[in-house]
Amino acid sequence: MEGYHFYFAPIWDAIPAIGSATAVAALVAVTSILLAFGIGTAAALTAEYGGSRTRMAISVYVEAMRNSPSLVKMYFIFLGLPSLGLYPSPFWSGVIALALHNGGYITEIVRGGLAAVNRTEVQAAASLGLSWSQTQRLIVLPQALRFSLPALTNVWIEMIKDTSLTSALAVQELFYVMTALVSSTLRSFEILIVFAAIYFAMTTIFALTIKLFEVRTPWR
Amino acid sequence: MDRSGSLFAITPLLLRGFGVTLLLTGISIALGLVFGTLLGCLYAWGGRLLRVLLFVMVSAVRGVPLVVQVFAVFFVLPVYGIKLSAVSSAAVALTIFASFTIMEIVRGGIEAVPKAQLQAALSLGFSFAGAMRTVVLPQALNSMMPSLVNQAVFMIKATSVVSLFGVAEFLYISKEQIERTLMGFEIMAFVWAAYTIICYPLTALGRRVESRLRTRGQTSLAGVGG
Amino acid sequence: MDRRVMLTAFGGFGAGAAALAATASEAVAQAAPQSGLKRILDRGKLIVGTRSTTIGFGFKDGKGELVGFDIDLAKAIAKGLLNDETKIEFEVFPGGAERVPALISGRVDIVISQFSVFESRAQVIDFSLPYCNSDFSAIVKASSPYLKHKDLNGKVVTTRQGDELKALILGAIPEAKVEMYPNFSDSFTAFRQGRAEAFFNDSAPARYIVREFPGQFRVILDDENRIDVNQYSIGIKQGEQVLLNYINWALIRMRLDGRLEAIHKRWLESTDLIPGWARAAI
């Protein structure tokens, strides 16, 4: 190969494909982040206010998620469930795997946040006549989430990056399209730079948006 | 194609794959510790330019998915004439990732040691490197421990990513066997259990180290790093 | 503060990319060219690119050994070149996408991996004489009702990722729902699990599959509507005329002494797929 001449033309041609790939990646990210947050918060609340046996069950869930790669869950759902007659699509296999896996981390984080909320606040709320669920909703949870936000942001950023793993299930997201483009255009350098920049932009913009949200929201 | 489908029959193949996983984990952690410590020290005490450079690099490593970094090593190195085997390329990519993540841990640990310690050591006549080696780093190590243990667990899981590049590690071999035997459920359940059994002791250790730190009144850096 | 951070990071990113580019052009320009054939002989080892996901041609058997038609062919070439069929190293790609880049970058000497000649590929690499005929065919479950290609209109079919393959299928079966997986093994598994009604692969591996899973599968034979009649060749880096000549002569030799036919018989149990040049009377 004589000297490397940068040649971005094939990339311009592929912009529609790159655009839809980014959209798919964003969709996977948003869906799994929302699901993971729901699962994690629900599990944390269940553990915090359930009996010791519930707490044990939640711990089992958390450890089962933390101690294995998310790819394993993806393959388990996508390749394993058909043996039971279920055929989850590549998209949902990836999303549910990511949601379950990171739900484990979020459970731990939210539990930490809940523990950090001052017990006296809860008593004060009770003495003011607030019901249990009102206390949870208006006092405890918001503060717990505020404490957890930095750690949660880290998990969410990992999740955005881990959408690239769903390419193993042939989900047509960024990384999948990236490898396809390299094989058809052979411009590995240019493609690497463009796609790395897209991912970097996604994670940085996300992190900055959360920071902005943190600053502007009127916490007490 | 022979149909020896029982889990028992394919275990030797899975073990071979697991050996590759352990090899990649070991190399990336060992070299990652060496380079990461070096880089962490450089960051903590280096000049402005060095810090900016390292900051850019660690932002890239943390803001871009690991698969993209492995891809870079696989597809960009050959342009420079460096032709590595698949396993070596994977080891290089994982080591780079580990080095920069550990760099952040080490930097945090060093910065957590009160500056007075370093100044006292220097005034006692220690050379800079000597002060670092005998006074600062050992104290930094305490706060770094939980994060380092977590990072080790993270690397074990991270090696699974190189299966997407055809590296014959544990997850890749198990997927091959699923294609051969169609025992997707059994094999993936086994793989899940295997990873959990290997990682859980380490995770528990990390948590114990962290709680011991907290009872001693030191804050840990858990949350930094993977 | 954060704006500075972001600017630094992006600026650094750009600077890094530029530096990479500059050094890359330097490095590549300095690499001195050497005849591929001589390089192999000096090295004493043939590096062959192949896949482990092509059933019948390059795949792992029950003991985890890499076997198949392409593997046997590669070993035969190593034997002729270096007098020892074990003086060979296989670079195994997880999917078809890496074949062309690996040749261009010099990571492998030759590629033997169900490599069909498409015009787009032939513009960037060289191909040898063909060693096996094939056309793109649909494998279906033996019990299914599909007899012709048009029966698959509206059905889910699967094959490995590749724009050219998708175009081939849609050209013959416009209403087919094509789902592509990273490689042939993945798509075959998806098909077997019931995610698709048909699995598209070349007719040569299709024959192997039908034989290996007796009674489970059959190939759709649709002579009026054959999809992409093609042939497999050995891929060689462009500009390696000496190596290309050698490979071609090696193939001719293998045809003359019957080794090519032996490989066909071993994996495909027939000589139907031997290319025309290798069948003509001597």
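The letters A, B and C name the chains in turn, as written, and every chain counts its residues from 1.
One rule holds in what follows: contacts are C-beta pairs under 8 Å (C-beta built on N, C-alpha and C of every residue); 3 or more make two chains touch, one makes a residue touch a chain.
Fair warning: this is a prediction, and the values are worked out from it, not measured in the lab.
No other two chains have as many C-beta pairs in contact as A-B. Each chain gets a centre from the mean of its Cα atoms; the one farthest from the centre of chain B is C. Inter-chain spacing, taken between the CA centroids of chain A and chain C, is 36 Å. Chain centres here are Cα averages; for chain A and chain B they lie 21 Å apart. Residue positions 1, 4, 79, 82-83, 167-168, 179, 182, 188-189, 196, 200, 204 of chain A are each in touch with at least two other chains. Across the assembly, chain C contributes residues 9, 13, 20, 24, 28, 101, 105, 186, 189, 193 that each touch 2 or more other chains. Residue positions 59-60, 63, 75-76, 79, 164, 178, 182, 184 of chain B are each in touch with at least two other chains.
Taken together, the chain C residues at the contact with chain B in this complex read 8-9, 12-13, 15-16, 20, 23-24, 27-28, 31, 52, 55, 59-64, 91-95, 101, 105-107, 185-186, 188-189, 192-193, 212. Only residues 59-60, 62-68, 71-72, 75-76, 79, 153, 157-158, 160-161, 163-164, 171, 175, 178, 182-189, 191-192, 195-196, 198-200, 203, 223 of chain B touch chain A when the two sit together in their complex. Contact residues on chain A toward chain B in their complex (touch as defined above): 1, 4, 63-64, 66-69, 71-73, 75-76, 79-84, 150-151, 154, 157, 161-165, 167-168, 175, 178-179, 182, 188-189, 192, 195-196, 199-200, 203-204. Of all the residues in chain C, the ones that touch chain A in their complex are 2, 6, 9-10, 13, 17, 20-21, 24-25, 28-29, 96-98, 100-101, 104-105, 120, 124, 161, 163, 179-182, 186, 189, 193-195. Across the complex, chain B meets chain C through its residues 1-4, 9, 13, 16, 52-53, 55-57, 59-60, 63, 75-76, 78-81, 83, 85-86, 164-166, 168, 173, 176, 178-180, 182, 184.
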